Amino acid sequence: GNSSSPADASKPDKLKVALLPDESPSTVIRDNEALKNYLAKTLNMDVELIVTTDYSSMIEAMRNGKIDIGYFGPLSYVLLKQKMDNAVAFAAKVEKGSPTYQAVVIAGTDTGVQNLADIKGKTVAYGDVASTSSHMIPKEMIFSKGKLEQGRDYEEQFVGSHDAVAMAVQNGNAQAGGLSKPIFESLVQKGTIDATKVKVIEESQPYPNYPWVLNADLDKDLQESIKQAFYNLKDESVLKPLKGEGYAPIEDKDYDVIRNMVKLLGVDLEAQ
Amino acid sequence: MSQVNQEATLLIKSSSSKRKFWSNWGVILGSGLVLIVGSLLYTVIVSWEALTSGNVLQSFLRIVGEMLPPDFTVIATLGEPILETLAMSVMATLIAVAIAFPLGFLAAETTTIHPSVQYGIKGLFNALRTIPELVLAIIFVASVGFGILPGILALGLHSVGMLGKFYAEAIDKVDKGLIEAVESCGGSRFHVIAFSVIPQILSHSIDFSLYRWEYNFRASTVVGMIGAGGIGFQLIASLRIMQYQEVLAILLAVFIMVQLVDAFGNTIRSKLIS
Amino acid sequence: MSQVNQEATLLIKSSSSKRKFWSNWGVILGSGLVLIVGSLLYTVIVSWEALTSGNVLQSFLRIVGEMLPPDFTVIATLGEPILETLAMSVMATLIAVAIAFPLGFLAAETTTIHPSVQYGIKGLFNALRTIPELVLAIIFVASVGFGILPGILALGLHSVGMLGKFYAEAIDKVDKGLIEAVESCGGSRFHVIAFSVIPQILSHSIDFSLYRWEYNFRASTVVGMIGAGGIGFQLIASLRIMQYQEVLAILLAVFIMVQLVDAFGNTIRSKLIS
Amino acid sequence: MIKIKELTKKFGDHLVLDKVEFSIQDREFLVILGSSGAGKSTLLRCLNGLVQPTSGQITLNGMLYNKKNIREIRRKVGFIFQQYQVIGNLSVLQNVLLGRLGTKSFWNIFFTKEERVRAEEAIEMVGLVDKIYTRVDQLSGGQKQRVGIARAVLQNPQVILADEPVASLDPVTSEEILSLLKRINEENGTTIVCNLHQLDYAKKYGERIVGLRYGRIQYDGAASDLGVSDVERIYGNHLSMQPNTGKTVKPSSTIQVLTT
Amino acid sequence: MIKIKELTKKFGDHLVLDKVEFSIQDREFLVILGSSGAGKSTLLRCLNGLVQPTSGQITLNGMLYNKKNIREIRRKVGFIFQQYQVIGNLSVLQNVLLGRLGTKSFWNIFFTKEERVRAEEAIEMVGLVDKIYTRVDQLSGGQKQRVGIARAVLQNPQVILADEPVASLDPVTSEEILSLLKRINEENGTTIVCNLHQLDYAKKYGERIVGLRYGRIQYDGAASDLGVSDVERIYGNHLSMQPNTGKTVKPSSTIQVLTT
């Protein structure tokens, strides 16, 4: 580990909070005021909210002490943790009563793909390379349950985002795709995706939800107040834009399942 | 020698009257100044903290250090992506040149057929530049599916905007005397273009077009993100999973390509001059 | 008139010997042809299916249709992002011009102090162009944190690569006779630059720099992704959730900006010429 | 016949041609004299339609100069430029072939073998046969001038407008070029309008002389009639530099010699 | 004194100057004659260091021309270009001020009030006072030529190399310019080396004449001694165009008159 935060970072006068929304970032920008105000009031300090759409920059910013806490995807947290011992996952979003979420593999209704094994010879759309639910989890599902390997048995295409995955399947550019279940459901609900054209062929097991991560170099008391601020978050107006019911404590080892999956898929994360 | 003579500095006078000079340039320079000072102030205000926080250089060196040494094992897997990118960039540039070169003449004051056509085509160029490659690529992926084809179309169309603008501006800078040379013989507008304008803009146009080829090669990073393939996708993928040593190795591969295009350009340039 | 005279076409002869002519250009044209034909074949082979599948136009129209009508409600939220982008693009361009303009003279054959310096700086320009804005932006986010500052640094540095190359190429195209005019009076190399080269490249350089400003304004889509803010972030955000009507509205806002820069350029150009 | 009526040209508020009025007969060899800046080039450029007059009319064989028939007029009216105006990165042959463009349709940019042979002949006429494939930007001043002359010769127009065609040529070449123009004039019946600076050439080759000063005609008559007083009227003492005016010498000026 | 020793210049395999050897005395007014393409401009350009000789040596007051002292030499040797070579988008004043650059340090691009006053005087000398702030690309041919002359005059060098300084000027202006050079020569003691095409001017203003042909010296002697046979040796019948050679007329050629 090479955590090298400057001395004055342990008790900053302003808490820098970064969000990497794996869905509608514009909504998050519009609605983030509530979260910001809540944190500022609870912690009794200035809060700066930063929203980005790029995993890499957020990881690098966290490692270099440019942000204090951040909301990461499970895989990006694993990537971060590998290079930064002082990154601590402490809270995960509770949805439907559990701090876990699922991914789905979808397929076009008229493609004849009924189950994972049918994907053989087809094109599968994934979101971003570093995305957990729009890449890693569905890929693992197709690999373990469908016994299909990318490149050998089917072709993969990265299309950038969850929404784009669903769209690519709907308009037939890909026969199947993988994305986060909550996002898929909201797309169907909004009518962006026509349920008669796209169907879910497999749901994943539950995986630990997106974690809030803090820098362990922060002042111990401050760390504790931050944790409590999330655990005690009940305010509907704050939670609603975040599409959650609250935040539950979580630990680093909860993400071992992601690490195993990464190894299983043969992604080499053992840099340096 | 202490007394400085303003006339002899590089400001170019458009008339002998000082007043007119200033009212001409005053607006331009004034608005430029406002823009620059305003931007500077804004930047300093919002970035003061970042600029003064101590560990800028240290962080910079660390991330650069992590790229070293480049991991050349990745090169072995780059064969097809490089070929793909090469084909994509060549085709995109070809399409762009084929569309932009003729249109450029219509967009240049010197050679256009009517001012309304001139402004219309300039507007088209501006519109094509406005739409990012990424957006064009998404549209074309939706239309023709994955692969290098949507990449070619996206890069090609976007390039029309830049090349057309540059061609037109070069045309408007040709020596009017040499246009007269062809006109004086009774040459048609097309003859003027073929025998006077094109020989004069050829060298610049080749430079622009080669630059755009190189640009399109590099821009595959953008369209690579949404499934248009090529070396750009490899770069983004390595970046995403923080394989910085791979990133550097891929960048070095791209650099060699850029150097080659540059050398190609130099060869043509020296042949044209000699 | 059926018999066509090859001499009179636009090919430029570098020597009176036909053989020499072909050996000079043969290599260039030959490699160009191989590249083009190869790329064309490759593209057609890998994209045959996409090209011939029936619903290309239909899909295209559908996705374009989804952008209509533009959702102008988003414009209301664009005030600050536009200002941010403006400040970011102005500063990035300023930095780029300040670095690239002097370096351009060192990278041009006509004005360099030594060939090794010339190639060194050209290589630097190529390297800066090679590193995508996105990669530079990540490096700078790591160094200075989020905000417009890493965006400015990334766009600025990347722009040095393009501007420097273009400045140098323009310098190498100046009328050598006018350089002699200053040299013949005993002017120093710096005098040659100030009184002969700069007046000759000024118009082109302004065009390049303004184009780059406009480019940097548009390129904020790239750095917007990494939290550098600006209108680019809005665009990417709307794009990711497929709010195409918002996308179109934002693009129209960018288009207006591009038109303004273009008009600014035209004003300067006409003032310089008159 | 070219008829010029009340021809006026202003650049900004600078009046360059001031109600110039005269006619040029067919088969005439007309020399235009005038000091530097008198408007000679501008006048010639008007006659080729390269400069749009501010007011006044020009007709060629009764055909009024306007946008529509400008190509037709130019095909009949060749031009030899004072500043060469040859296209630097084309060869001598290519530059000379441009003279044929007036006869071609809008899109036709190809030349026939015959045209090429004639171009070679014209190049031979002006003594540039060994430079036929050379890029013209590698030629000496006089050589460029001759390329421009060959171009006009190849065009074989009814009227040749020659703007100081021998300014950069040595006396032997000058005489040869002027003789060439004279022969074209006499044998082909081509009208020649020629700006010249050398009085002796003007008298030797011109039939008629028009003298311009400050954009106004000062002399219009037979070349043989041009007298000393006419020459003075045409050229005047137009420079501010007047020898022997007795101005006091500025002390300690390095260019004092100039201000005496 | 300028000493030229075995000066040879080739462009590719084209031999332009062939072992030229002569000296130019201080305070001399030397005229160089030669037909178009003889190498006059090239010779002058060598004397200013603008062209690097293929072989041979040039010295100014014993100082050998080389890269190191080229600025010093050029400060002492002014140049008036045949093709004007004025910088189109600078004003007349700015162009003339360039003549002072040789006296300035490497980085200094500013001019003093005094220099400006002198530049204005030089511009007055050549009769361009009303064009002082005009961009030179809006000037007539002769006006541009005079800008170049004013530039060399302002430089006030030991030697002025003038490449056809009056080619585009009318006779009155020509005589005035040549008189001006003559006066600079006589009163300031400036050496003048002048390419000319007009024999009468050469004889009137030159003290000594050097005649070039195909890059070789054909004549070197007093201007007054130049006889008809010398002139023939210098110019020859160098054009391929020879009147009255009795060639048969090519039938149905539109430019038949030229091939007789």
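Read from first to last, the chains carry the letters A, B, C, D and E; within each, the first residue is number 1.
The working rule: a contact is a pair of C-beta atoms (placed from the backbone, for glycine too) under 8 Å apart; a residue touches a chain by one contact, two chains touch by 3 or more.
Just so it is clear, the structure is predicted and the values come from calculations on it, not from any experiment.
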item	value
Partner chains that chain A and chain B have in common	C
Maximum inter-chain contact count - chain pair	B-C
Chain of greatest Cα-centre distance to chain E	A
Rounded Å distance, chain B centre to chain E centre (Cα mean)	44
Gap in Å, rounded to a whole number, between the CA centres of chain E and chain D	23
Chain A and chain D: spacing of chain centres that average the CA atoms, whole Å	79
CA centroid of chain A to CA centroid of chain C, Å	36
Residues of chain E touching at least two other chains	83, 89-90, 94, 109
Shared interface positions of chain B, touching two or more other chains	12, 14, 53, 59, 62-63, 138, 142, 145, 194-195, 199, 202, 236, 239, 272
Shared interface positions of chain A, touching two or more other chains	56, 60, 64, 66, 160, 164, 167, 171
Chain B-touching residues of chain C, taken from the complex the two chains share	10, 12, 14, 24-25, 28, 31, 35-36, 38-40, 42-43, 46-47, 49-51, 53, 56-57, 59-60, 62-64, 83-84, 86-88, 90-91, 94, 122-123, 126-127, 129-132, 134-135, 138-140, 142-145, 147-149, 152, 162, 165-166, 169, 172-173, 194-195, 198-199, 202-204, 207, 211, 214, 218, 221-222, 235-236, 239, 247, 251, 254-255, 258-259, 262, 264, 267-269, 271-272, 274
Chain B to chain D touching residues, read off their complex	177-178, 180-191, 194-196, 199-200, 202, 272
Contact set on chain D toward chain B in their complex	48-50, 71-76, 78-79, 81, 83, 85-90, 94, 98-107, 109, 151, 155
For the chain C and chain A complex, residues of the former touching the latter	59, 62, 77, 134, 137-139, 141-146, 224-227, 233-234, 236-238, 240-243, 246
Sites on chain A touched by chain C in the complex	16, 18, 23-27, 29-30, 50-54, 56-58, 60-61, 63-64, 66-67, 160-161, 163-164, 167, 171, 192
